[in-house]
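I'd like to ask some things about the structure below.
Should a chain be cited, it is by its letter among A, B and C, assigned in written order, with residues numbered from 1 in that chain.
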Amino acid sequence: MAMAARNVALAQKQNLDLLASCSGCYNKSARALKALQEDKEEFERISAILSEMGLDVSAYNIRVRNVVDVLANELWDTLTSRIRKPLKGVKVACYYGCLLTRPVDITGWDSPVFPISMDNLCRLCGAEVVDFRGKTKCCGGPILISQEEIALQLTKQILDEAKEKGADCIVLACPLCDTNLELRQADIEKKYNTNYNLPIVYITEIVGLALGLSPRKLGMDKHIVSTKPLLAKIR
Amino acid sequence: MVTTKGKRKFVFGLKQDRLADGDKMNSQLVKQVVAEGGKGAAIAACMQCGTCSGGCTNVDSMDLTPRSLVLMVQRGDWEKVIKSNTLWLCSSCYICTTRCPRGVRPSDVMEAVKAIAIRQGIENDATRFHKVFVEVVQKRGILFEPELIHKYAGLEGVLKQAPLGIQLALRGKISPFPETVKNPLKFSQAIEKAKSCPQPQQPQPQSQPDTPTIPVVASTPAQKNSTSQLVSSSRN
Amino acid sequence: MEKKQQVVVIGGGPAGLAAAGQLQSFGLDVVLIEKQAQVGGHLNKWYKVFPDFTPAEEIVAHLKSQLGNTRVLTNTTVTAISGEAPDFSITTSSGEQIPAAAILIATGYKHFDARLKEEYGYGIYDNCITSVELDAMLKENKIRTLQGKIPKKIALAHCVGSRDEKVNNNYCSRVCCTNAVKLAIEIKEQLPESEIYCLYMDIRVFGRTYEELYRTSQEEFGIQFIRGRLSEASEKPDGSLVLRFEDTLTARPMRLSVDLLILMVGMEANTELAEIARLPLGCDRFYATLHGQYANNHSHREGIFLAGTATGPKAIMESITDGRSAAAAILSFLMQKAKGMEVKVPTLV
């Protein structure tokens, strides 16, 4: 808790909201912030540790946000006016995973069962969103190393559904989910003798493409699973 | 009574009866879990409805469902809790916590129980990974993935992951060289501090000689059957 | 009593109807205000009522027959209450001013909105319906899936919107267990080939002959009771549903496919008049009564009384009894007032 609190304290010192690009980091930071704000005992315990690091903060009034929340709830209007290249004909499956919207008392900005903010963002970008029932199923990221087999099975279910629904790519907002879905895709293909070639892209990449940024600038060429088929659909 | 050489045997050849000894039930474990995990790990409100287990991502592979695990903590059955694979199969997806109609947070309970288990010296792949992870982070203040894999899975592990690592490095996704935070020493000192931070209201079993204490569970093969030993010795 | 005193009953469900009938039999002038076009309340939706399968229509007909000279205002709501007991004045949506010596609030309850339990998929999945919708099907003797098929496997999920912190309803709605048992029997009577599963946490059948009903459902109708709260439902391409929950008595996770899932939706407070009547609410958001043990028909305001599910979940029979009990409390209050006596009601502590 104190480790997550360190980042929160650093942000509070500059009086800035903390934006996390990873669901896990977002969740842990938001949880630390909640404890610092609402639990006096925890506040004392954590503050003592932070003090050792030379961080002294007496009160917390910042917020911890994540990328999807900010894009959907702060930048919606800005984005609406700046879409240059609507992603016509692209079918996406939006994958939220666990920690972006769960547990509700820590996150609370979208549904923990059928969240829709990322879907809405993708629609705004002109893409077609498939009815993805596995959008909040767990990818097994945290147990990837210690329980590899089970983790890969979980990941497989998600890839299977996206493929079955005809998605051109999975859009997500967490690097750990990406690790499982993208970096382990080859392992899964090998193990279960299937073929996915399903690009996994971060939400900002989709938004960036719709804004007309060059794929190179967005780092679309740096993916392990090639994004070329996806990009070809856009041009 | 069928007795041979002073040792009592059960009539139908059963080694152990299934009668639970209610007098051995104790609330120490619940207290310890709450002390470890804070208010989030409170389980007193559980009404055993099974909503947590029903939605659980990995329940199919677990030997104790999350509900049973919580029940065992309530009953003070540390042996069952620590032997179960449930702790290590939990992927912290928070579905249980999101749905619990009584506001219990099974994910946080798991974390607290794991922390106690690790302190008691339980060892398996999961705890080893956590330990190595913390060591690596503590050293530099930030993660260096190749070092993590090396420490966890040895050279063999590194070689297995090498093709992926090279691909990632070529695409600039990971750096082949370790980074550090600005002041790693201060950082690791703070972690030490956090580790040694006294837990609030930690029950002190020794101070109450009558209270049954939580047995330290064996990690060495010699002690593995501590339950049966306990049972048989008490019957002698 | 010198001049005839008038009592206004707000809400024409079982409690309001029973109270109005009783009050007019005491010789009082009674005005019954009902928001809907018909009196009867939720009874108008029901097929038969537990535990003895009395047709709901019969109950409504009986209660209506007792109304005597009661003036019934339908399609009417209350927009303001002014004055103090025994000189209240009630303004209705039609603009009429009605004097009242005492007021009875019997505004009932609303059903829990099952869409809030997103993991059950109500409103998303075709064959996930509420107990209210099932009653409509039973009335028509036509239990079908949305695809028009006769369902073979049917599950009834108890405690939907009740005993659930996550939807802010910690209380038990009391009637759903018995209602589920009754519905299961009715389904089995109409579709003898079907298999029926009740997913429960605790079976709370508390009233006279309710336990016998539960037993009958097991012995004669072979209803399966599984102890485990429904955790989630998902839809298969053919429209049938897969349920996930734990069979807690065998301590194993269970997957069950059904053609029809029925959500036993609980009761939620209907407190539309809380501000107009200036009445406080309990922690369950139903109207607070003056005392939980011995003044359950008294509100916190003198001259305003409460009956039926306005003060918490009740079965039909209990609501009727509660309405009549409120009528007696009102009569007692008016007689004491008329004699100029200080009214003896339990005081607030």
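Criterion: a residue touches a chain if its C-beta (ideal position, glycine included) is under 8 Å from a C-beta of that chain, and two chains touch if they have at least 3 such contacts.
Predicted model only: the values in this text are computed from it and were never measured.
Arrangement of the chains shown, judged by which pairs touch: all-to-all, with no pair of chains left without contact.
Chain pair with the larger contact count among A-B and B-C is A-B, by C-beta pairs in contact. Centre to centre, using the average C-alpha position, subunit A and subunit C are separated by 44 Å.
Subunit A and subunit B have centres, each the mean of its CA atoms, that are 28 Å apart.
A straight line joining the Cα centres of subunit B and subunit C is 46 Å long.
Touching of two or more other chains is recorded for residues 98 of subunit B.
Annotation for subunit A: residues touching 2 or more other chains are 104, 112. Shown for subunit C are the residues that touch two or more other chains, namely 119, 166. Residues of subunit B that touch subunit C in their complex: 47-56, 59-60, 64-65, 67-68, 98-103. Considering their complex, residues 119, 159, 163-166, 201, 227-232, 244-248, 251-254 of subunit C touch subunit B. Contact residues of subunit B toward subunit A in the complex are 38-39, 57-58, 61, 88-95, 97-98, 105, 107, 124-126, 129, 152, 164, 167-168, 171-173, 186-187, 189-191, 193-194, 197, 200.
Across the complex, subunit A meets subunit C through its residues 104, 111-114, 133. The residues of subunit A lying in touch with subunit B in their complex are 2-3, 6, 39, 41-42, 45, 48-50, 52-54, 98-99, 102-104, 112, 137-138, 140-143, 145-147, 150-151, 154, 183, 221-224.
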